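Labels A, B, C, D and E are assigned to the chains in the order they are written; within every chain, residues are numbered from 1.
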């Protein structure tokens, strides 16, 4: 609702009309400065010869040239796509699935919910170590299954350059799918009962009720969850560092680790900035169309 | 306090390391100074470096930072360091530090940092029982001997080389191999001076060949393993050797193992000494109190008493070559002897893997390549080519 | 609250029903296992002595249970030169997390509310722009933020850190609330307008109480993010004002020292306890029926 | 087409008893209208039949089968919810077809059914809208459409026409009636509309506070209510209930109403009533006279047992076809229905004529009909 | 107490024109009832007056002040929403007091007001419940309570009694009327209930498809509808509208209805009508006769201008006080209202009597009243 303004409106009412905008604008301004301002700064830095510290003399595209000559970049970008797709997909699926299961009048819901959620509370510096043990063929699952009598069993993804990225997916899903579940559960709980009753009368089984009645209503929740998971995927840093350290080799490098290592390990702020710009561009290319369609879709 | 205030940013946060810094703090506070501790562990100092950058940019740098190698020069070039040359001159640091190390501590001829210790990187650790079981009678002194011993170990089902597949560990092994194969000269030319010819020389190819061989001596599950777990393998006799700096000794000692009996220490092949040293670098702080503290701290770090207590706690040897080593263990004594010999023979080289030799950006290229080589089936020739190209690019 | 409304729908009884329930609990149980295994490993490890860890398989159950590691992690593990365990750092975390979560949640809720229930031209674009902040890599903002904090005189202080968390949490909190409020009937807002309530009155008295589940997920998210943040913690605080994650990190990470896995595990669990407490407490508000009976049609 | 049988059904919400033991047997193909005051438990009863609430005690049988534990989808019921409960994200078309989709009805049949039902409900042009873009009455029609489009065994309607205009409501009512005649399905229908109840029902169940007071055909309910409650509830405006005493006056049995303050009226009872009521001199009774049984004297054809009296008019309410004239008596406002042209201004002394043939008599204590 | 004035008000939802230019002047203290078919824009019009929707074009004045840009809270209006729009997390009590709390009314006054209003609405025992625990009618009463408890300048009611039972509805209607008389506030009231409209309104506005067709007092609307739409809309059952032709038959003016298939009827026009309509032989007209103007022959007192005819009964619908008898004629079902005792079974040939004094005549093309 945005009534048109008119010069004869008393001041108090005018404030009232503008209040929503007054509320949003400082936050919007903050975001402009702290997000977009800093992005601009980064874009500029990517055109300079910044090393250990920012340096503001313009250098042209040289950092990008270096960047594009770095094989690790392509590994990192490729990993980001594989990882994000799997991680977001699996977490969404598990999240929805568990939320629906928990919604079936489970008496000990509180306990189970906390169990599903707790991995997020643990710092990955430590849980990464544990996962490393569990996934290590000599120590963990493989060893365990072999001892149980299946000598041929192999599960060595962690130490296999081609599969190590999937172990990161396993651990990441472990950590975050519980939260996806919580988001969906909260969404489920705000769907009006009457509608569920109507669906029951309409002869829809639980499956159909959830998938064609409840989940469409929860479309905004999907948006939230996807954004959250995408954020986690793109920024997954601790996870990679703790679990594989980017290895074997740099087989599990990700943009976040790439950027971090150039910015802070190698003191090459310029290259790091260039990679950040590239990553943002990639994200824009994917997220903007999605947001556009979502925001249009939820307007009504 | 009367003797000033220091804020020290370091990543010695846990166990023995923290105790070691604690010694410095105690010594400083004994002089009525105020010590503000800013410990930031993680990534072998990466996290601390991140914080350091933020602090410097925000305009409140710490007084002293655990910062080493060419990094010191890099920061110095940004004009954010303070000189402690006055203290250094009056205490005559030049005379007691190995020249290679002293150069690293200076920017434009003036000391801006003080070393606290010397770690030797080219150590090889072994389990005598395992060696015995395989019929290896003595520690190898060339890589060929090492290969022979490894083959024997393999034959009796013992993992020849305990290794953790993390880039810095790969690089550690690599530089030790380079030292063993090409000697201090090649090491210096290729890994320190970054000479393109040296980098593409046959010796480098040979070094990569040896590295490839060693990849075969590592068990299947090495990837991502922490170094201490690899040490544990040696300790338990599951593996024969481990190539790792002298901090591995701390792990043996903590488990109650006795050098020479339960485990053996010997330098890796090659008559050199790969130097790793931790140091504190002094940043440009303001305020009399802080500057005073900075000067006091510099003196303290270099004092023989501190160097002794600190290194006893840390497991390394003093950076000063004139400190008495009576209370140190056998491995440390060996280290000290070799150090003096290496200085003599000009065989003392700064570690590339441990950020003593080259800027971080170039080290990054080395590590990327080495670790990639170690984890793929890249040929040695190819490795040498790519390495040279990457180094050229990063320079 | 009519939590039982839905519970009213008659469900199949008999064997089929029993089978489905069994299957349900089985599935829930399997997932519990998936989530719990790492925790079990952690607890088992934390109860071992260091000798046992060195000697044996890392994943076996402890032979001699000892709580030394816990005691050490709590009160005597070294975190830099201080060897008082994690204990002293909890307060720092609380001092930071409570204001940061509260402020960012309230602002996010206000934002979401203004953007959905008081739609003005461009609201969606503003939302999209704010939302995009969720994707900015933290590495990018670290240095300019440090400079900004330096200029503001907030460098190295807890208020500075709170500010940072609030700013970069807003994208998320706004997202959660905006997407929740989309589903709240506008009729209720209209009724409140007629009742003479203003922008804030409606927000605090009507809209916020209806959005408990959204508040819960937001608080959980923000709390976790802020509590587990490490990068901002090290970059924007100094020494004794470090949050507990930084301390935990300092306990756990060692480059050349002896690794005490048992203490690490205990410390990690201890550091997570406040967050877990929040999950349990907040979890109680995952209720149904907050919008029951609101509107017809 | 199924019969529905309720056996001592009870329902509590927490501590609140809502349905307090209902026995009800509905024949197959019957059209039962449920009426009762707001909050008496009508919707709850429908929910119990539909399986949307579990019953606390008792049994429900549909088509002879005990369905206490049968979930709603297996009861083959269609229902119109009082609160509509439309699916907010689905278009009107999909709201209507959802039940068919769930039951796997072929697309072509669905389309045909939607086309038919949307014409009937006059919502053809709204098919692609979402519920949020509809008016109240349009939503209600969609809710109707959702139920009508299916061919279940039982229809449950919860005030399905309350938000429609009179004209549309009559059309819909007629359509429902036709549908019932055509399909012969069992229908349970809640309404507050007198005419709907009277015209649609094969039997009416009058509920009060969780009980059923009377279950009978409309004519019986209207003309032979078992007690004061039913008599007072059915009829709009409701029956005038004047407290009085049985008297014998000049050998004739009368009910004497009106207090000491108010000039009493002695309503002469017709033979049928006097037979039952008289002989108990002074008995406290309540005389029930529906508004249409009191009219302007001399405006209807003369008949037997008329009682004529005069009272000042207190209120005049024209309703269109008729005009209601109120006068004070016996502590209440008695309503008389007159032709508009017979109305006089308020305050005028007016001659009323009561058709005592239509009078009902109730015991003042038990409230039961005499 | 304020007047409300609408000047060429239009409202579009996207491409849908909903209000198509309405001019309306409501006097201070007036009670205006808005009626019209479902979806014609009544609720939208209330929303515009309340300020809940922005008007697309035109002006609205309340109390002489242009309020186009005044937010709802400053218009001092109370409103009952068709969809109730209760606050789900608040108890009934707090739902009711919220408006007072917002306006800072002292606690004691609030309590008194709640006590009064809850007694009036018979919801005293529900005060601590949440809306989710109420029946439909109870919710509607809470929605009413929320509006009634305040003393604003203007009340807007959107079908406030639709879900109440007949008895309660009459009580509420009376209370609203009393309230209006006591406070004298301006009221705009949407209803589909004929009787409510007729008894409450000082003027009725009949809306159709975004326009106002007629705005006049109830009697005029009922007896002098301007066109077919208004005539057909008001009245329940609605007026019978038989298409026919003006004829002169034996020197007398008649309307001849009924087709070739169907035996025609020649309704003799009363003098008043013949004057206006006759002389245009063969003109297509529509004869409007309300159900109450057709009854069983001889059951009412004789009068002038009666027209008696015979037709077989097609449907009999007892409604309680009256019985509706339908017969086929002129392609439609004509409804006659008879006394229950005069009803005969379906199929019987029946003598009807029409009171032609009450007949209305409309032009078939313009639909305007002749």
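Quick notes on this one:
The criterion applied here is as follows: contacts are C-beta pairs under 8 Å (C-beta built on N, C-alpha and C of every residue); 3 or more make two chains touch, one makes a residue touch a chain.
Since we're looking at a predicted model, the values are computed, not measured.
Touching chain B and chain D at once are the following chains: A, C. Ranking every chain by how far its Cα centroid lies from the centroid of chain D, the top place goes to B.
Two chain pairs, A-C and C-E, are compared here, and A-C has more C-beta pairs in contact (counted per touch definition above). Averaging Cα coordinates per chain places chain A and chain B 37 Å apart. Taking each chain's centre as the mean of its C-alpha atoms, chain A lies 58 Å from chain D. A separation of 57 Å divides the Cα centre of chain A from that of chain E. Inter-chain centre distance (chain D to chain E, centres taken as mean C-alpha positions): 21 Å.
In chain C, the residues touching two or more other chains are 2, 5, 9, 142-143, 145, 198, 230, 249, 252-253, 289-292, 296-297.
Shared interface positions of chain A, i.e. residues touching 2 or more other chains, are given as 1-2, 16, 54, 125, 129, 139, 192, 197, 200, 217, 260, 263-264.
Within chain D, residues 47, 51-52, 71-72, 82-83, 86, 133, 136, 140 each touch two or more of the remaining chains.
Contact residues of chain D toward chain E in the complex are 13, 35-39, 41-44, 82-83, 133-138, 140-141, 158-159, 162-170, 192-195, 198-199, 218-219, 222, 232-238, 290-292, 298-301, 317-322, 337. Every residue of chain E that touches chain C in the complex is listed here, in rising order: 47, 50-52, 71-73, 77-79, 81-90, 98-99, 101-103, 130-134, 136, 139, 146, 150. Residue ranges of chain C in contact with chain D, taken from their complex: 8-14, 296-297.
If you check the complex, the residues on chain A that touch chain B are 51-54, 66, 69, 71-72, 125, 129, 132, 136-139, 156, 158-159, 161, 164, 241, 243-251, 260-268.
Residues of chain B that touch chain A in their complex: 42-43, 46, 49-50, 53, 56-57, 71, 74-75, 77-78, 80, 165-167, 219-226, 359-361, 363-364, 368, 371-372, 374-376, 393-394.
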